[in-house]
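One structure is given below, represented as C-alpha cells, and several questions about it will come after.
Labels run A, B, C and D following the written order; every chain starts at residue 1.
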Amino acid sequence: MDRNGFSGKWGGAYIPEVLYQTFQELKEEYARCRKSPDFWQEYLELMSTYSCRPTPLTYAENLSKHFGGAKIYIKREDLNHTGAHKANNVMGQGLLVKRMGKKRVIAETGAGQHGMATATMAAKFGLECTIYMGEEDVMRQRPNVFWMEKLGATVVPVKDGSRTLKDAINEAFRDWVTNVDDTHYVFGTACGPAPFPEMVAWFQSIIGMEAADQILKYHGKMPKKVYACVGGGSNAMGIFKRFLEETDVELVGVEAGGHGADSGAHAIRLSSPDATPGVAQGYKTMFLQDEDGQMKHTHSVAAGLDYVGVSPILSDLWEKKQVRFESATDDEVIQALDLTMKKEGIIPALESAHAFAGAFREAGQLSPDDAIIINQSGRGDKDIFTIAHAYADPSWKEFIIGRGKEYSKN
Amino acid sequence: MLLEQQLRNALEKKDILLMTHIVLGYPSFDVNREVIKQMVENGVDCIEMQIPFSEPMADGPVILKANQDALAAGTKVEDCITFGAEMVKEYDIPFLFMTYYNIIFKYGEEAFFKRAADSGIKGFIVPDLPPEMGESFLALADKYNLAPILIYAPTSTSERMGELAAHGRGFIYCVARRGVTGKKSEFDKDFDNYLGRCRAATDLPLAVGFGIQDKEDIEALKGKADMAVIGSRTIKLVEQDGAKAVGPFIAGLK
Amino acid sequence: MDRNGFSGKWGGAYIPEVLYQTFQELKEEYARCRKSPDFWQEYLELMSTYSCRPTPLTYAENLSKHFGGAKIYIKREDLNHTGAHKANNVMGQGLLVKRMGKKRVIAETGAGQHGMATATMAAKFGLECTIYMGEEDVMRQRPNVFWMEKLGATVVPVKDGSRTLKDAINEAFRDWVTNVDDTHYVFGTACGPAPFPEMVAWFQSIIGMEAADQILKYHGKMPKKVYACVGGGSNAMGIFKRFLEETDVELVGVEAGGHGADSGAHAIRLSSPDATPGVAQGYKTMFLQDEDGQMKHTHSVAAGLDYVGVSPILSDLWEKKQVRFESATDDEVIQALDLTMKKEGIIPALESAHAFAGAFREAGQLSPDDAIIINQSGRGDKDIFTIAHAYADPSWKEFIIGRGKEYSKN
Amino acid sequence: MLLEQQLRNALEKKDILLMTHIVLGYPSFDVNREVIKQMVENGVDCIEMQIPFSEPMADGPVILKANQDALAAGTKVEDCITFGAEMVKEYDIPFLFMTYYNIIFKYGEEAFFKRAADSGIKGFIVPDLPPEMGESFLALADKYNLAPILIYAPTSTSERMGELAAHGRGFIYCVARRGVTGKKSEFDKDFDNYLGRCRAATDLPLAVGFGIQDKEDIEALKGKADMAVIGSRTIKLVEQDGAKAVGPFIAGLK
C-alpha cells in the first residue's frame, strides 16, 4: 500500500471530508501498532486465550484418498470463537479501538458472521455496539440477529437499495459521519477506504503464518496450492499473505458462481468479464456494475460472498497474476459441502465450501507427494436455515411448520 | 464567466445567495424542469443537479430514496448531462453537477469534463473525492475551466482547510455539521467558531449546506456565509405538495 | 475402579450375558490403551489437529469485576470441534474402535451433542453409524438431527418410555445385544456399565490436565474452586480428575434444578434427597426413581442434563465428600447465560450455564487473590431453538411463523 | 421340591417341557389370571412372571410395551408378589419371577427373597445381573433355597459357560440368538453347535428362549434342549385375540 492507500492502481480512500481527520488518526494508530512488537504480542495473547489460536491444520485423509491426488489439508478457522475467521480482524480492531479511546463501535454485516464477531468483541471490551444489516439478511439470518441482540448490540435493519451487505455498508458510513468523534467503524473485510484493506489483511495474516509453520511440520515442505473463498477477500488475504513470499505456491481464490457465470446471478468479480473497475464504498476495485457505474444485484447461496466489490489488494494481485481466480456455482458448493461432511465429519460454512469446491476440481491432478491447503473460513452449522432449505429437507420443513403453528397459537 | 466571478457579481446585489439541489430524474425530468423553473423565477442563484448513484454514501434518507427512485425509473447518466445542457441554455444562473465519483470515473473523466464544459456546466461537487484521490480530476478541472467544489467539515483542522483551499475553485462547500444530508442543524457558538475557521482558511466564497430549512436559518447565516444551500427540504416539498409549491417556498426565504 | 468396575459401592457392569464377551474385549483393549504411552500420544495428536486442543482458559475480567470477588477463569470446551467436550470422549473411543477392528458404531443422544460428535467421528473414521434419540428430543433438536444425517448417520427416533435420553440408551443397548460382533456402543457420558465411566472420564481428563497447567501459568497457583455442570458427569469428571489431587481445591458440581428442588420437575440426583441408590442402564448409582424402583420423569431446560442417573464415580465422590453438589434452576440459568453473553461475549450452552450460575453465587465471597475455574462444556448457539423460546423472543417467533407459512405453501 | 427336581420329574413324561412368560399387570391382573389358567390347563410346565420395570433393557418391542403399559396402569411390585403367591397356591407347576435387578435391589434383596420364598416362588430370572454383580444375591438364593436362573448366550465362551454353571440352579436359560426378545430365531447348524457347547458346560436342564413361535420350533428343539420358552408370542396373541386364544395355542404346540 502506498502513501495514499493504493495497491497498484487499486484501493485508496474515497471518503467524505468529515471522515478525513478520523482516518488520519486511524492511520497513525495503525502505523504505531504495526511498528510495535508489543501490540502483535498482545494480539496473539488475546487470540490464544479468548479464541482458539493457533487453529489446527487438519489432514483430510479420506478426501485425499477420494480424489487420489494431493494430500489435502484444511486450515480450521471454523474453530475460532464465534465460528469464523472474522474474529481475527474484529479482535485486532478492538485492541485498536481501546488505544484510540473510542467508546462505541459500529459494523455492517451480511451473513451475520461479522456482526456476531463485532457484538462479541464489544461485549468483551465494554463498548457500545450498533450493527447494520440489510433487511433481507435480517430475515435470512434471524438466529444471528438474535445472538447479536443478546450480546448487547443494537441491530438496525437497512431498508434501502438491495437491502443486503452493500447497503448495510453505506448505512454504517452514514452513522460514522454522524458520530465520528466517539465511534469506530469496524470494517468486516479487506475492502473499504485505506487503511482498512491492509489493516484487515494484517490481522488476518495470522492464518497464513500459522498454516505455513504447520504445513512444514506435517508435510515437510510448502504446499503446491492454497485455496480460499473470496467475498470481500479477508480470509483469502489472511491465508495468502504469508505464501506470497513463496513463489512456488500457487494461490487460488474462489468466487461465488451463484447460478453460473453466464446467468447474471452471481458475485464473480475477478474470474469473469462481468466486473469493471470502479469506485464505491470508499475504494477503487473491480465492481459488478452497469455501464453507467450503478452497482448490480449479486447472488450467492452464501450470504458472505454476496457482494459487489472485492479487496483492492486482490484486484492488484489478480492483475499481476499472483493469484488465480476461479468460481464455483451454488450447486457445486452444496456437493462439496456434502462430500466434506460425509468424508471428514467437518461442516464448512457455505462461504468456505466454495474453496473446497475449487480445490476438489484440481486435487486429483496433483501427486500424493504434493500438499494443498484449503482455508475453512467458518463453520456451517450457523447456516442451518440456508442449508436445510437448499437440501429441501422434508423433516426440517415439517419441524419449522410445526413450530410456526405453535407460535401462531399464542 | 467563471463560477466564482458569477457568484461575486450576484453578491453585490444580495446579502446572501441561495443554492438549491435537485436529484435528476426524480420523480421525473419533467418535474425537474418545473421545479428548476420555479426556483430560478423566484431568485435562486445557483443550482446543483445530482446525477443519481446506487450507493450515495453521504446522503440521508430523503436524497437516498430520491437517488434510488430515479434509477428505478431508468434515469441514465447521458440523460442527466443532456438535461443539464438544456437548463444551462434556458436559464442564466450557474448550474453544477453533484454526484459520486464512480459516475465520473466510469464515464471516463476527460469525456465527462468535456461534455460538461461543452454544456456550459460551471463545476462539480463530488462528496467522496478528496483532493488526494483527485489528482487527474483536479488537473482536468483546470484544463476545462470547471470549478471543483471542495468541502469543509466541522472535523477539518485549520491546516486541512488550508490544503483544501489550494485546490478549490468557485466556492467552498461548508458542511454545517457531522452527519448526512437532511437533518436540521444548530447554528450555535460552535458553528460560528467553525465558520470563522473556514473564513480564515480561504478567500473563496463560503456556501453552507446540510440541514437548512427555512428563512430563519438563512437569516442566521447572513454576514457569516456567502451562500446558503437548501437540499432535502425542497425534495420533501415536491413530494408533499408538488412542484408548484417550490416557487412560493423559495420566495418566502427572502 | 476395582476389578468389577466399582468406585466405592457405585458402578459395576449390570449387563445381559450376550454382552459379557464384548465387555471383556473392551476392558482388555482399554487396559492396553491406558498402559501405552503411544496411545495417549496418538489421542493428543488427533485432538490437537482435528479438534482445537488445548482449548483456551479465558480470563473473564468483566465478570470478575462484576462480582468483585475471585478472578473467574473459563475453560473453553465450547471451542472443540462440534462445539462441546463430547468430542474428547468420542474421538478417544474412535481410536479404540479402530484398534478393536469394529466397523459400526451406535450411540444415544439427548441434546444431540453426543450424537453429532459420534456421527462426526464415524465420518472421520469411515464407520457406519446409528444414533438413537428420544422422539421428543428429535422434535426439540431437529437441527442436530439434520446435521447427523448429513454427516452420514442414521438417526432412529425412540418412541418408548419418556421418549428422551434414558430410553435412547435402552434402545442403543438393544441394538448392541443384536449386533454385538461388529458394533461398538459409544457411550456418551461417564455412566453405564464399567469400563465406560472410568474410560469416558479418562478421555475427558484432558480438560483438567490442561486447565491445571493453564491456571498455574496465568494465576501462579491453584484455583480455590472448580465448577462444572453435571448431567451424566463426563465434563465434570473431565475437569475434576486432575484437581482431585489438589486437596485445597474445592470441586463443585452443579445439577439441573429445573423448576426447583421442591417442584418434582428437575434432575437433581446428588444435591437433593429425591434420589436413591439403584441399578439401571447397566450400573449402580443414585437415581431419581419411585419407591418401587421405577425411574421418574426428569426436567431441565438443558436437554443434556435431563437424565435420571449420574456417574457412579461422582456418586462415590459425593459420598466421600470430595465433591460438593449444588443445583441451579432454569430461571437462574437463563440469567447466568444472559450476564455471560453481555459481559464477556461468550455464549455457554444451557448445560454449561448451570456451572456459571453456581459459580456466580459464590464468586463474590472470595478475594481477588483467588481464582476459580468454570468449565464451559459447550457453546450455546446450538440451542437457539430452546434459548430463543425461553426468552419468548417476538422477532424469533415471527421469523419462525413466516418460514413455516412459506413451507406450508409448497 | 426344588425347581430342578420338579423339572426332571416332568421330563420323565415328556420329550420337552414348555415354559411361558407373562408380564404382570398387563393388560391387567385379571387377564393375567385367565391367561395363566389357560396355560396351566393346556399343559405348560413352568411360568415366568415378569415384574414390570421402567427400563427393560433386554426386552424387545412387544414386552417393552407391555412393561410400560403395566406401569402406566399402576402396577406395583407388591401387587406382583401377592399375585405370584396366589398363582402358586392355585396351580401345581413351578412359578418364577423374572425382572430387572433394580426391582429387587430397591425392594431390599433379603426382603424380596423372603417374600418370594414364603410365597412358594421357585426361582428368579434377572437378565441384567451377571454373577459377578450378584454375590449377595447368589448367597441369599442359597439361603432361601430359591433357584437363580443363569443365562447363556451364543457369545458366551465355553469357559464362561463353565463359570456360570457353577452359580446356576434349576436350569440354564439359553438365549437362542443375539438380540432382544420377540424376533424369530433360526435353529441352524450354528445353533446346534452352540447348544452342544451349552450341554457340555453344565448338567443342569437347558431351557431355550428368544423367538420361539410355534410347534415346528419346539419340534426342532426336541432332543437338544429340555425346555422351550415362549415369550412375546403369547402376549401378541392375547393382544390380538384375547386370553381365551391362549389355551388352544398352547394345546396346538404339542
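Observations on the model:
The rule we apply is simple: contacts are C-beta pairs under 8 Å (C-beta built on N, C-alpha and C of every residue); 3 or more make two chains touch, one makes a residue touch a chain.
In this text the structure is predicted, and so the values were computed from the model without any measurement.
Number of steps on the shortest path from subunit B to subunit C, with steps defined by chain touch: 2.
Averaged C-alpha coordinates put the centre of subunit C at 37 Å from the centre of subunit D. Note on chain placement: the centre of subunit A and the centre of subunit D lie 65 Å apart, centres being C-alpha means. Subunit D has its Cα centroid 98 Å from the Cα centroid of subunit B. Not a single residue in subunit C touches at least two other chains. Multi-chain contact residues of subunit D (touching two or more other chains) are absent. Shown here, the protein chains touch in a chain-like sequence that does not close on itself. Here, these are the chain pairs in contact: A-B, A-C, C-D. Here subunit D touches subunit C in the complex through residues 53-61, 64-65, 68, 71, 76-77, 100-103, 105-107, 127-130, 132-133, 150-157, 160, 164, 175, 178-180, going by the rule given at the top. Within the complex formed with subunit C, the residues of subunit A that make contact are 48-52, 55-59, 62, 76, 79-81, 83, 119-124, 126, 139, 142-143, 145-147, 150-152, 218, 338, 341-347, 381-382, 384-385, 387-388, 391, 393, 395-397, 399-405, 407-408. Note for the complex: subunit C touches subunit D at residues 4, 12-22, 160-161, 166, 170, 173-174, 177-181, 276-282, 284, 287, 289, 291-295.
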